[in-house]
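One structure, as structure tokens, below. Some questions next.
Residue numbering begins at 1 within each chain, and the chains themselves are lettered A, B, C, D, E and F in the order written.
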């Protein structure tokens, strides 16, 4: 029985939707690793260090949650960490095709690692990092969408 | 941390897709209850007792799996059992609307109980009990779709 | 410019999701008819009279909303009423196929009548009458899902 | 190379959408069998004989199209007919889950028979037999939805 | 009752699908603003001025329609304009996830502004600006896809 | 009756999913052209020549299959080749919106050419070229995802 779980993502930046998934997963699994993807191949607003720091500040207080930076294939990282479960948030507005394709690819590469989907709080179902950055960059108020540390960082970043 | 999980369904009859979900969940959760819905409000081919027996025969050997019959509201049954996790199989061909609606209704009724979705083996993604009964009733071979005990029972049932 | 709108449904019974659609539409359109389908071809829990009464009690106070019972083709009823707009609630968990098929059929039958979709409050996105009846019949608490008058009626109905 | 194709359905009754699929398929495949399902397990408006007759009248003039009645498992019927292709119409409003599940079940039962999907004319994408019967039974004009023979039969049937 | 409506988009360039939405909305709402997004963050083929001009030429004759250029957050622009309704075209081939996410984000930012979806003419359901530009750039005939002014502009633009 | 079929794509690089579609189509249609899109407008990993070569090596032995490079509008290329059928693979995880939009655009541009969809083997339903390149670039084993010639080429390409 392998109950170490990994929740991986770019977290550019972490939203309240991500945080909600972390909190739910941390209630079920004894050990949860939030793994921040180092190289995303996409333009990111926040650096690796910033993304990790913002996740760390946001999950502070959840004692069974660890935040790491990782590179390479997720399933190999999971194995190296001794984790048997990958967590994904599945929103009503998720890109199911992408989620399923990724889960099946991962299963093919590592049949011993299981992907579990959970639903974030309904209030956050429309939230995405892209969304948050877009609204913030247009001057909209995102204080209800992100943890306080992220709000402060976004404000600083977009002021420059 | 509540790691007792429930996988509920009509199981009329259990398919290899259901069994695959049970096996995957039993690798992650220390205790798994397969809960057979007593009153389905639908026409069933197999009686309550038959459905429970066929699930029991199919999951034999999985030592952390218990099979029960239940009636009433699933979340209340989960609470009575002391379970904190509901398991659902999510196939590429699932009825997402139905699955999400049920998960959200259950969360509203019992915020302390989490629904987790996992993907059955790709080979079984097209399988459903309805499907199996239809093919079998038309004389098709369903030996690749159901556990041996179910195959035998289906053959007996449809011969009559 | 025809701004008389119709919101039709079985309302067996009206939920807070339906009521939310009515309230939103009533803020946009000067006249809104909530049209209760008389013959549904399905088994209904509440009689025609009961369904109309429960809608009436629920929308009381909305001065530009009228509740009626109708039979026959919706677009012909709309024309008879002099309405140019059909309102539909579109939830994340809607059956889009059904909604679109109905809207296109109606447009084909009556090109002068437009279907407008609006989204009910996110909190109610999982709600449906079927859902409510099922939970209530299993003894679940549906007080957060339906208007007070409907709650009372459901309690009376299911006690019998 | 097996180019004999089968297009199976309940055809209760045939719509212009079905006819469009037949016409498109008949341009590609040298032999096309339109196979009317005898026992549907659902309430049908038209008898087996009526459904076959209405399809026959509708496809008259298409010299490479044959209309038959069949019972049992579709893939076995296809084999008995020496057909290697099953045709399905895939509308924007199709029930993909159902279509894919059926296609995969059929492939599992008969790997030598291929399901090909084609899109009916966009104008007919909202059409279904259920739809047509519903509109017609409520007194709506369905002359743009069905072939002339079906229109006449519907009118007679619903008058009674 | 706020019946001023806004239909916003990049319109790079306007298609007959967009125009159809404008015409339908202009029949329902007394005032309609077609708001062209100034900065799109994407590569555009047509400049701000060109996009506005092409929309203006296309909607000429619709006396209750005004065309504007806007920058920043749509809901704030709507408020500044005194508009209470946002119009979106919802095609069978829409990206529902995106549409719903945007509508819910907007509702969260401005609960007083309602998003209404309407369906463009079925014939235009496959149309998108991207689509039109791609076909035109490959030398295909797009005269059935765009208003005359846009066709002329596309021809000039792609000749260069 | 026009039975010459075209299966077009970027093939950057060909996967076992693509190859499966080719093999299935080659069993149904007497002549099949696999048409490699020359200019994709996207960043490609493999050059035109490499993509064509890898397809050629992969389909070797299928005597009714020809591999070509093409530029411009697909339907015009099809006409120039005298082909009447376009083949598309439709996976459970396909982007239906994109597939349908493309098929309808093509039908509008060339009503005489029919798009037929077929389902690749279930095992390959999660496969895409993007997917394969991503896994390979992260050092994952893709030998079960691509034909041998592509595996060798990927290894060489990514080593550099």
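Basically, a contact is a pair of C-beta atoms (placed from the backbone, for glycine too) under 8 Å apart; a residue touches a chain by one contact, two chains touch by 3 or more.
Small disclaimer: the values here were computed from a predicted structure and weren't measured.
Asker: From subunit C, what is the lowest number of touch steps before subunit F is reached?
Answerer: Minimum step count, subunit C to subunit F: 2.
Asker: Taking contacts as defined above, which has more of them, B-D or D-E?
Answerer: B-D
Asker: Rounded to a multiple of 5, how large is the rotation, in degrees, that superposes the C-alpha trace of subunit E on subunit F?
Answerer: C-alpha superposition angle, subunit E on subunit F: 120 degrees.
Asker: Have a look at where subunit A meets subunit B and say same if over half of the interface residue numbers show up on both copies, different if under half do.
Answerer: same
Asker: Cα centroid separation between subunit A and subunit E, in whole Å?
Answerer: Taking the mean C-alpha position of each chain, the two centres sit 34 Å apart.
Asker: I need the residues of subunit A touching at least two other chains; which ones are they?
Answerer: Within subunit A, the residues that touch at least two other chains are 92-93, 96, 100, 104, 122, 125-126.
Asker: For this structure, give each pair of chains that are touching.
Answerer: Those chain pairs satisfying the definition are A-B, A-C, A-E, A-F, B-C, B-D, B-F, C-D, C-E, D-E, D-F, E-F.
Asker: Could you pull out which subunit F residues touch subunit E in their complex?
Answerer: 72-73, 75-76, 96-97, 100-101, 104-105, 108-109
Asker: Applying the document's contact rule, which stretches of subunit C touch subunit B when the two form their complex?
Answerer: 92-95, 125-126, 128, 131, 135, 138-141, 144-145
Asker: For the complex, give me every residue of subunit C touching subunit A.
Answerer: Per the touch definition, subunit C meets subunit A at residues 92-93, 122-123, 125-126.
Asker: Which bits of subunit F are touching subunit D when the two form their complex?
Answerer: Listed in rising order, the residues are 1-3, 24, 27-30, 84-85, 90, 92, 96, 100, 103-104, 107, 114-119, 122.
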